[in-house]
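Next come two complexes, and both contain chain A; in the first it sits with chain B, in the second with chain C.
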Partner chain A sequence: MNSMANFSNTLYNMGVMNDLARKDTPIHRIHPLAKVLTTFVYLLILVSFDRYEISGLLPLIFYPLLVFLFAELPAGPILKRILFVEPFIIGIGILNPFFDQEIVIIGGIALSRGWITFFSIFIKSGLAVTAGLLLMATTGMDKLAAALRLLKIPRLFVLQLLLTYRYISLLMEEVARTIRAYSLRAPTHKGVHRSAWGSLAGQLLLRTLDRAQRIYQAMCLRGFTGEYHTGEDAHMQWRDFIYVISWSIFFVIIRLYNIPMVIGALLMGVIR
Partner chain B sequence: MHMADALISPIVGGTMWAATSGVMAYSIKKVQHDMDDNKIPLMGVMGAFVFAAQMINFSIPGTGSSGHLAGGMLLAILLGPYAGFLTMASVLLIQALFFADGGLLAYGCNVFNLGFFSCFVAYPMIDKWFIRDEMTSKRIFAASMVSSVVALQIGAFSVVLQTFLSGKTELPFGTFALFMQPIHLGIGVVEGLVTAAVVTYVWKARPEIIEKSIHGQELNGHSMKKVITTLAIVAVIVGSVFSWFASASPDGLEWSMLKTAGETELETPDGIHKTLSQIQTKVSFLPDYEFKNHESDEAVPTEAGEPWPAVSAGTSISGIIGGLITLLSAVFTGFMISIAKRRKKRIIV
Partner chain C sequence: MSHHKIETKSLGYSYPDGHVAIKNISFSIHHGESVGIIGANGAGKSTLLMLLMGILFPNQGEILVGDVHVTKNTLSMIRQRLGMVFQDPDDQLFMTTIYDDVAFGPRNYRLDENEVEQRVMNALETVGISHLKERAPFKLSGGEKRAAAIAAVLSMEPDVLIMDEPTAALDPKSRRRLINLLKGFEHTKIITSHDLDMVLEVCKRIIVIKDGEIAADGNGEDILTNADLLDACGLEIPLALQNCPVCGVNKDKERWVK
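For the complex of A and B:
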């Protein structure tokens, strides 16, 4: 059953992100809130570009590039993730050339405008996915939760988010064991047979509910009052503010001026 | 059905973020208000359960293929609309953060499409309607089936609408809808079948779990009515104001530039800049004006020969959406203050 591959893949991916987030580099040391804000400014600027824009988008690649470098991240796992997500975007974007066939001439090559929008979406999606994953790979769940609390996200939601995150690996292993047991007894089935839908998922669900009750009792015994302590209560330092502001200025400049075009024009001017 | 960042515009993404935050704040308030002591760990562990259960392949009889559970409906039935919505929101956030399943800017869209319609439309209006009088296996089956199909149909249509309003793809609205709705009909049927099977099983084994959640969490009709009426009135007012602005500015950033700098394009001073911009115009890869003149939403007849005012359906929709942003962020602020105040009064939980 291909479920098994899914389970181990998912667990592995989460583990990789966790390990990366535990590194100690200048980027990892930046305040989590600063990284969250920078990521959002980046994404906002990225998606605000016109659908025909390609050249103007390109300087935005500097952000993931520099973060990659300073955070000393391996490119493999993140590139793999991008490749995983792009097919969906290609699926939707590839129809553009069929619907917008007006021809434009670019550098002597006639191209339908649909292709331009397609490439624009393709680049945007790659950059957006990278930016999101870089945030996680340099921050980690606990610090992200602390940043969410600083943004005044109610503690109930943050706590619930952390609990969900904590128990994913546990429940995934439990579900994987159940599926393994099922598939050993029904080796020819591609998936769970209709007759077992209710009992298999239902049993898992009942066990989950009992587990929740035990967890709650354990939490009460340890004095749970509704707060989750991350241990660090650091406020943003000057360097964190500078990080957000300088990146934001950089992104806004990219949005206002088409830098590749300016550079191209300069070069052409010199040649003339 | 997860929306990606590359397909949405900042306005659509921002609106859906505001809407989602509003609903989340409201749900948090409700959950805190009538909270069972053990609800937080229950929500947390149920979220993890849905995450794991999404990976089980359920083989679909007679087709040779297999389907998955999305879990929105199941969460609503087991936890009630408010806690169910919050749980779905955290599952989606983890998917977005760790697996780039759905973008971060599109997070609001995704929570709305996959959580809101299940928990606040399909669950209270359909699911509960079927089983409010008595609970039997048949009724549970019908309830789960119809509500899952409806929730996924509205969700899929909402994806189409958000994509269309964002204008990043060339997909015509009708074609995309004709493509999405039937696919999600199939997905909805599978979701309904699995949800029905699980709920029936749990109901037979431990009836108190299902019954408690059905009878315990009444949607407060009075306050919902008030919220919806206010939403409608404010949306109409703000919508008309917004569409007036929108007709003059196709792009939010250009509009804000217009407000701050008085110009949509920064004026280039003489000298090197002028020469540069002249050269730029001549050699540029994608000259700014060329596409703008042909394709921008401004004042130019479109290819279909429709002049700008005739497309005002889209403008007013964006106006109404803009109205929703304003209202929902106001609602959000209100809730935040009330939560902050309450926090001082007593220890939560």
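For the complex of A and C:
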């Protein structure tokens, strides 16, 4: 029964992100396209860092931090989602310390290079996920899709994204329903017994496909042709351009200069 | 007005798995008529509606809306005239707010945003949920969702309203509100249901479907008082026309005496 409650929560949480996207703050008012572009530059810069880099990455945290503050987002829902993904990231990076055991000395501490790459991956993916979540929470799926269309991303691809998004919440709804039905008829089992997995999964897939198809049909009946209109003014204004450009400049500076080291050097100079 | 007529001529459809769901159905529905399509579960009601809307295409026969054949090429035109409310509102509502959902159709037809707003507000007011416009669809009650799904279709200003089991899963109050709403519409209406009491109130004409075929087509009250016919089609005389089991008043007699 516990798992059922969890699924219902997840379902509710999907809506939370969209609720957040309807707030009215300076960040929310920025044109969706500007936010998509900024996020894109951010991710690009993030992945361009060397795999052994840690200190140079740290200033990149200012971007999510400021967006988070100015968009007046609650910490709970965002942090919960980041924590939800972290185990996967750790799973990806955890083998590095075993494969790459060469020792380097940093700030007087001996560390294996494997651990450094691990931390680097950990920070990078953490920041990437956060940036993505913030984009979602300040823009919302509908406007995001419209922005992607403005970027001339193929219609089919955007549609796929939208339907996938919708499909995931449907799938979870069906999972919740199926598990409820199962647990009502097998009240003594904890979770779903192995013997029922196959048929439950099959059922689930069929039912979800059925539903996704009906939703798509309903969309078509209301004149949907793959183009997504949100009724927003389509044009970026100068403040939107400034938003993208100033963040991009900031990111590039961070990429070119290792800010923590520069500051460290400056301080050392002053002390001396 | 002949261009609002909906006509089917010996329609036949079988699903890809070979199941024959619709056999030789012909009828003609005129402008302003309200028609109830009744039949047991699996009789083929939903399939028939999907054929009308061009979601499925018949293996046999043809469908005319006005003077236009329903084909892949005429779909866009047909769908501006016919608005369909699905059985499960969750299949229909998928935007993040009710407002955006109701605006979805008009925006797809590239209406000016002022016009869109006007239509959305009109539709929401008609069904009485303008106060919910900023809410997320999944947070509404069953009755509110149904109202939103109807508004989403009304905002497209169709000539014909097609509804699949609109009172299914509604509580008595929501059901009553919906019936009053439907009675107020001047659209041509095609409504499937097993809620025969609702059909009796809303629809003058009734088409009974049994195993994919038309078993009867005629005046609502005549059909709904024909116990043998209804029984043969897996249905029952609506409560409103049954003899009252508590007070023993014989509605049949009462009706005929009058």
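Convention: the second predicted complex is superposed on the first by the 199 of 272 C-alpha atoms of A that agree within 3 Å, B and C clash if a C-alpha of one lies under 4 Å from a C-alpha of the other, contacts with A are read in each partner's own complex, and residues count from 1 in each chain.
Just so we're on the same page, a contact is a pair of C-beta atoms (placed from the backbone, for glycine too) under 8 Å apart; a residue touches a chain by one contact, two chains touch by 3 or more.
In this text, all values refer to a predicted model and were calculated from it rather than measured experimentally.
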Using the superposition described at the top, determine whether chain B or chain C touches more residues of chain A. B
With the two structures laid over each other on chain A, which partner does A:His193 touch: chain B (first), chain C (second), both, or neither? first
Taking the superposition on A as described, I'd like to know which of chain B and chain C A:Arg211 touches: first, second, both or neither. both
Pick one for A:Met219: touches chain B only (first), chain C only (second), both, or neither. both
Quick one: classify A:Pro77 as touching chain B (first), chain C (second), both or neither. neither
Between chain B (first) and chain C (second), which, if any, makes contact with A:Arg166: first, second, both or neither? both
Partner chain in contact with A:Ala21 - chain B first, chain C second, else both or neither: second
Identify the overlap between the chain B-contacting and the chain C-contacting residues of chain A. 141, 166, 211, 215, 219-220, 224-225
Taking the complex as given, what residues does chain C use to touch chain A? 50, 53, 55, 76, 79-80, 83-84, 86, 88, 91-92, 94-97, 100, 103-105, 107-110, 113, 116, 134, 136, 138-139, 152-153, 156
The chain A residues in contact with chain B across the complex are 1-3, 6-7, 10, 13-14, 17, 39-40, 43-44, 46-48, 50-55, 81-82, 84-85, 88-89, 92-93, 95-96, 99-100, 102, 104, 106-107, 113-114, 116-117, 120-122, 124-125, 128-129, 131-133, 135-136, 141, 144, 152, 154-157, 159-168, 170-172, 174-175, 179, 189-194, 197-206, 208-209, 211-213, 215-216, 219-220, 224-226, 255-256, 258, 260-262, 264-266, 268-269, 272
Can you list the residues on chain B that touch chain A in the complex? 4-10, 13, 24-25, 28, 31-32, 37-38, 40-49, 51-53, 55-61, 64-67, 69, 78, 86-87, 89-91, 93-94, 96-101, 103-105, 163, 167-172, 175, 193-194, 197-198, 200-202, 205-206, 209, 251-253, 266, 275-277, 279-280, 282-286, 288, 290-291, 294-295, 303, 336, 339-340, 347-349
So in the complex, the part of chain A that touches chain C is made up of which residues? 11, 15, 18-19, 21-22, 140-142, 166, 211, 214-215, 217-225, 227, 229-231
